[in-house]
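Residue numbering begins at 1 within each chain, and the chains themselves are lettered A, B, C, D and E in the order written.
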Amino acid sequence: MMMPDFGTGARIALAPLPPDWPGGFWWHWLFFTVLVLAFVLSMVMGVIYIERRVLARMQSRLGPNRTGPFGLLQAVADAVKVLIKENIVPAAADKVVHWLAPVVAFAPVVMVFAVVPFANGALLADLNIGILYVVAVSSIASVGIFMAGWGSSNKYALLGGMRDVASIVSYEIPLVLAILGVVLVAGSLSLNDIVQAQQNIPFILVQPLGFLLFFTAACAEINRSPFDLLEADSELTAGFHTEYSGMKFAMFYLVEYAEALAVSAVVATLFLGGWQGPVLPPWLWFLGKVFFVFLVMVWVRATMPRVRIDQLMAFAWKCLFPLALLNLLLTAAEVALWPGAMPLIVIPINFAIAGLLIIIWSKFFKLGWGRVEV
Amino acid sequence: MEVVPDYIYPDREIDRAEGQVINDLKANSQPVIPDSDAWLDAELKQNILLTSVDTMIDWAQRSSLWTAICFPACCAFEFIAANGPRFDLSRFGMEILRASPRQADLMITAGTLTWKMAPNVKRIYEQMAEPKWVIAMGACAISGGIFASGYNVVPGYNHIIPVDVYVPGCPPRPEGLIYGIQMLQKKIAKKSLFHKEKA
Amino acid sequence: MAIKTEPFVLNIGPVHPSTHGVFRMRATLDGEVVLDIEPVIGYLHRGIEKLAEQRTFTGFIPLTDRLDYISSMSNNMAYCMAVEKLAGVKVPERAQYLRVIIAEMQRIANHLIANGSFLNDCGAYFTPFLYMFREREKVVDLFEMLSGQRLTYNFMRIGGLSQDIPDEFLPALRRFLDKMPAFIDEYDRLLKENEVLLARTRGVGIITAEKALNCSISGPVLRSTGYSWDLRKADPYLLYDRFNFDVPVGMQGDCYDRFRVRMEEMRQSVRIIEQALKDLPLKGAVRADVPQRLHPPKGEAYAHIESPKGELGFHVVSDNSIAPYRVHIRPTSLLNLTALREMVRGWKVADLIVIFGSIDICLGEVDR
Amino acid sequence: MTIALSGTELGKRLAEKFPGSIVESIPDCLLVNPSLLPEVAGFLKDIPDLDFNYLNYITSVDYYEYFEVIYRLTSTKYNHSIVLKARCYDRENPVLPSVTELWQGANFQEREIYDLMGIRFEGHPNLKRLLLWDGFAGHPLRKDYL
Amino acid sequence: MSKFERYGLGILKGMTVTIRQLLLRHPTVVQYPEQRLNTSRRIRGNELIWSRERCTGCATCAKACPQGAIEIVTSSNTNNNKYEVETYRVDTGYCIQCGLCVEACPYDALFLGSSYERAKYRRGDIVQSDDALLESPERPASGYYHPRLAEKMPEQTLLIDKITEKR
């Protein structure tokens, strides 16, 4: 039986082999492609429903409850309606770019799920550089967003697109540095291996600071509140997708939540132990963790105001970046000098260091310069 | 950075052009746009296949009416109240306010329309993607209300854009608005994609 | 900054989610930095001052509702006070107490909206706004009990109130007062110490007291600069000199101070209502004997009150007919906008929205 | 309580300082000669024992024969107030000097009066229509506007 | 400019408020078409209720109306020496329900209605005239300016009593 081996053969021996598939490689490929697409599309609908319901309850409302049982079909209705809506391309728009932008934004988000394990070995492609692939692919989406901002020939959209590029470029660095800490501890870049390395202890305990940094940077990267500057309702009307309607808008809407889902999945995989868990089947554990992370995002969105663009950049470069570097150094030192003590003794030490660093940075870190003389 | 004095008070050409647009619109839109509901009473005659597709589409359209932001005046607060924690339009999937008219389905014209505002409202209406609906909310939107005799007030939105449902009141209670929205939903349910083109 | 950039003009409004109606700004931007703005108003200009000349003195009261539609009761009251001054009508004491209670309730309702929409402009996704809207809904409930409408109350009349309060009003008001401080505390907990809010609003949009006075700014925006000028203390109308209350002032006149001043004023309003309830005469007329077709003597009068947004005044000129000869409304919101240009220059686009939101204007009053 | 200063006393003082500036002084208000309005207003604002630093509002009334422009000034320091009035007899082209230099709060209000009443304020930095649009015929608050 | 001087505790404090709302409090929503609020006893609904018997055709209401929304046509009846109302018409799409006409009516012949569900598809349907203005069981009169009617109406539902914690 063939394995989805992409030829490098550098898989670490400790990972048990994924279960064989009766039809071989192509069956595996077909099954998981369909599964990933179905998963993304259906989960995005579920995620939209959950966000609207939970957000509404946090705002002491009820949320959609009229369409279907408990309003479960609300997202379906939205999707059908948006799909059959008229598709407007502004006369002044750069037509090709305007058309391509949603596709460019949407494709990479789905591609991220190719390497996320749903259960042990249940993934489309167990790349040995999985996490690198995630980082590389997910940042392509910003190209699509900038294309949308540029191609619309709308000032609001352009501002939104510029903000997106600025934030992506800055937040990629702390994001990758935070991931490196996990990679150092796990000793592998493959997501499946990283999950298996968390058999006993999820990395959120080993890497508390790394988790915070990753979560913040990821929220900024996918433009969740409080970093949702590029479609800031109250400033830029609808930001980069101001000029989009109908199906293309639906794709951007999908991208927004698919990205949130992807980040939830990556956080669950990297820090919360992925599919690992007792009693329940692994895929259920995985889904549960994904939804938990997503709920935290919704919770943050319900509470926080939005930061400003210069504060966003300052936060990335002055706060997250040095902290991520320190975290990486610290983890590297621990892994190199004291590998035996890795799981248990390090946990309290790391928590203490994380708390200390946060306090120090809170004390001395300054956000931006505020006003410019004109 | 030195600011070029031009930017402090932009050229009056812009003002003049905008004023011209308003005057043109005022001159050209005195008659009332008739309520486009001849099809409403007509018996719907379709074959069965089309009807079931229509039913699906109508269901989708009426259960996710996203509102465009066009709230000039007082009635906006009753709209927000309807959206708020007590009456909660989000039950109908309507809590999404699209600030960009391209993505909106429903324009709730909450407030007095002045001639200065009229070109903007007309433009927003034209920017909205089909299918689109308009609810005239409140006395000012229906007839100009208490300001109808004012020198700058459009006596009713139906001089500018076609209106689907009229919700009287000054301002209507949120329940009244929700009732109007449900009437609009009924209207959408009766509408057929293919029939509308004939009408 | 060595890069040569070219400014571009961004048109914000008149239909924009956070211009609180139909305000429009032509902003000249350099990237994200606001170089200059030019407010363009008049999109809700309904000619109320002209319409007043075609109405009777009583018939103008419904129009005042629609001026500053967030605090209709205050507008009613200011106009009625101006006409009372003109006609020399004496308002019964019970009506005056009730007016104080109603005006302070209106202040609470207005500040809830002002702060809620300000926080919404800061980007907090509707949560504080909807929470505060829920509290406002309680005040609206009570006003509905009084007047039968939820927004345009038309409750004040020349010489008092249109009707006496219903029996269930005072117990309901008491329940509201008992619970209100806890809710104000809750909103403080929600966002007062939030680091993002502090970063967004502290030091942003500073205006000095001298500048504010020179620009005829009044209300919480003036008080946020640290200058204690409140007409309830400076020129006590109704019975405000009988009550014990503080005038909260800010430290440096930034957006955060304006937010805090409004929060504190709500607490003070609760305090005033408590005192007024204690002294309220239980029996008595609520409306002086004023003929339906009032024609006040020839002359003019100006009455101003400390409306939630600032000094709201009505300048009424009479020529001894049944209609006012001229009514001028001192537009608090319009005058508070005077310094907007100075306040926003050099800040980012996002700050422009926040500063504008912190001034708390109502377009119905700006344009009239 | 804001004390309304007596117009007669203040009028005497102003008439000494600026001869011909006060047309009439009655207890309620001071009727100022339009040509000397900026000087009188500047004096009222700058002199320390009056210190009228706050301009409550400006309004205008159309009395058919003349336009009356009303300025209400308050001193937040001494808590007293005074009303200034200036009359414009020219119906075709009424002109008054602007006080925007003294109180910036006059900016929008003068524009509004120009818009709705048609009185031009000389020295205003940006005198154009505020509420109505360019090309609107007439000035609606005038009594002869229909 | 600003420092994170509260170590992120301010953010956490705010988040407890929202989570408390989610977990511990009932939503305050009235699910309108099924559940209804009891409106104020003095509700000013979107219609007028007119009593043909008591109306003398004096047109005080039309004079009190700030915008002239009431159209009343009378003819003199020579038989019993009284005015007879021929048309009484109110355009409720123009009327703002300020209630001044009800206050002005000297004969208690005019009431505000308590209905607010008056949305229509056509502009012409909103106009009420003559028989459509009479009181009927579906169109109860409101207690605005008629305290005796107000006493009979159910007590208003208040939001103050509705915000409750889950047990």
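Note that in this section a contact is a pair of C-beta atoms (placed from the backbone, for glycine too) under 8 Å apart; a residue touches a chain by one contact, two chains touch by 3 or more.
Bear in mind the structure is a predicted one, so any value in this text is a computation, not a measurement.
**Student:** Expressed in steps between touching chains, what is the minimal separation of chain D and chain E?
**Tutor:** 2
**Student:** Which chains are shared contacts of chain B and chain E?
**Tutor:** Shared contacts of chain B and chain E: A, C.
**Student:** What is the chain whose Cα centroid lies farthest from the Cα centroid of chain D?
**Tutor:** Chain centre farthest from chain D's centre: A.
**Student:** Quick check: more C-beta contact pairs at A-C or at B-D?
**Tutor:** Pair with the higher count of C-beta contacts: A-C.
**Student:** Of all chains present, which has the mean Cα position farthest from that of chain E?
**Tutor:** The most remote chain is A.
**Student:** Express in whole angstrom the distance between the two chain centres, defined as the mean CA positions of chain A and chain E.
**Tutor:** Computed value for the inter-centroid distance: 50 Å.
**Student:** Rounded to a whole Å, what is the gap between the Cα centroids of chain B and chain C?
**Tutor:** Result: the chain centres lie 28 Å from each other.
**Student:** Measuring from the mean C-alpha position of chain C to the mean C-alpha position of chain D, what distance in angstrom results?
**Tutor:** Between these chains, centre-to-centre, one finds 26 Å.
**Student:** Indicate the residues of chain E shared as contacts by at least two other chains.
**Tutor:** Answer for chain E, listing residues that touch two or more other chains: 1-2, 4-6, 8, 11, 14, 17-18, 21, 27-29, 31, 39, 66, 96-98, 159.
**Student:** Residues of chain C touching 2+ other chains?
**Tutor:** Expected reply: 16-17, 30, 35-36, 42, 45, 47, 50, 62-63, 127, 130-131, 134, 137, 152, 190-191, 194, 196, 199, 203.
**Student:** Counting only residues that touch at least 2 other chains, which ones in chain A make the list?
**Tutor:** In chain A, residues 58-62, 233, 237, 302-304, 367-368, 370, 372-374 touch at least two other chains, as defined above.
**Student:** Which of the chains are touching one another, listed as pairs?
**Tutor:** In this structure, the chains touch in these pairs: A-B, A-C, A-E, B-C, B-D, B-E, C-D, C-E.
**Student:** Would you pull the chain A residues touching chain B in the complex into a rising list?
**Tutor:** Within the complex, chain A contacts chain B at residues 52, 56, 59-67, 71, 73-74, 76-82, 84-88, 233, 237-238, 241-246, 249, 372-374.
**Student:** Spell out the part of chain B that touches chain A in their complex, as residue ranges.
**Tutor:** Checking each residue of chain B against chain A gives 1, 3, 56-57, 59-61, 63-64, 84-85, 88, 90-93, 95, 98-100, 102-103, 105, 127, 129-131.
**Student:** For the complex, which residues does chain D have touching chain B?
**Tutor:** Answer in residue numbers: 126, 128-129, 131-136, 140, 145.
**Student:** Considering the complex alone, what residue numbers of chain C touch chain D?
**Tutor:** 41-42, 45, 47, 49-50, 211, 213-217, 227, 229, 234-236, 300, 302, 304, 311, 313, 315, 317, 325-326, 328, 330, 334-335, 337-339, 367-368
**Student:** Would you tell me which residues of chain B are touching chain E in their complex?
**Tutor:** Interface residues on chain B, with respect to chain E: 32, 35, 37, 40, 85-88, 91, 139, 142-146, 148-149, 156, 158, 163-170, 172-176, 178-180, 182-183, 187.
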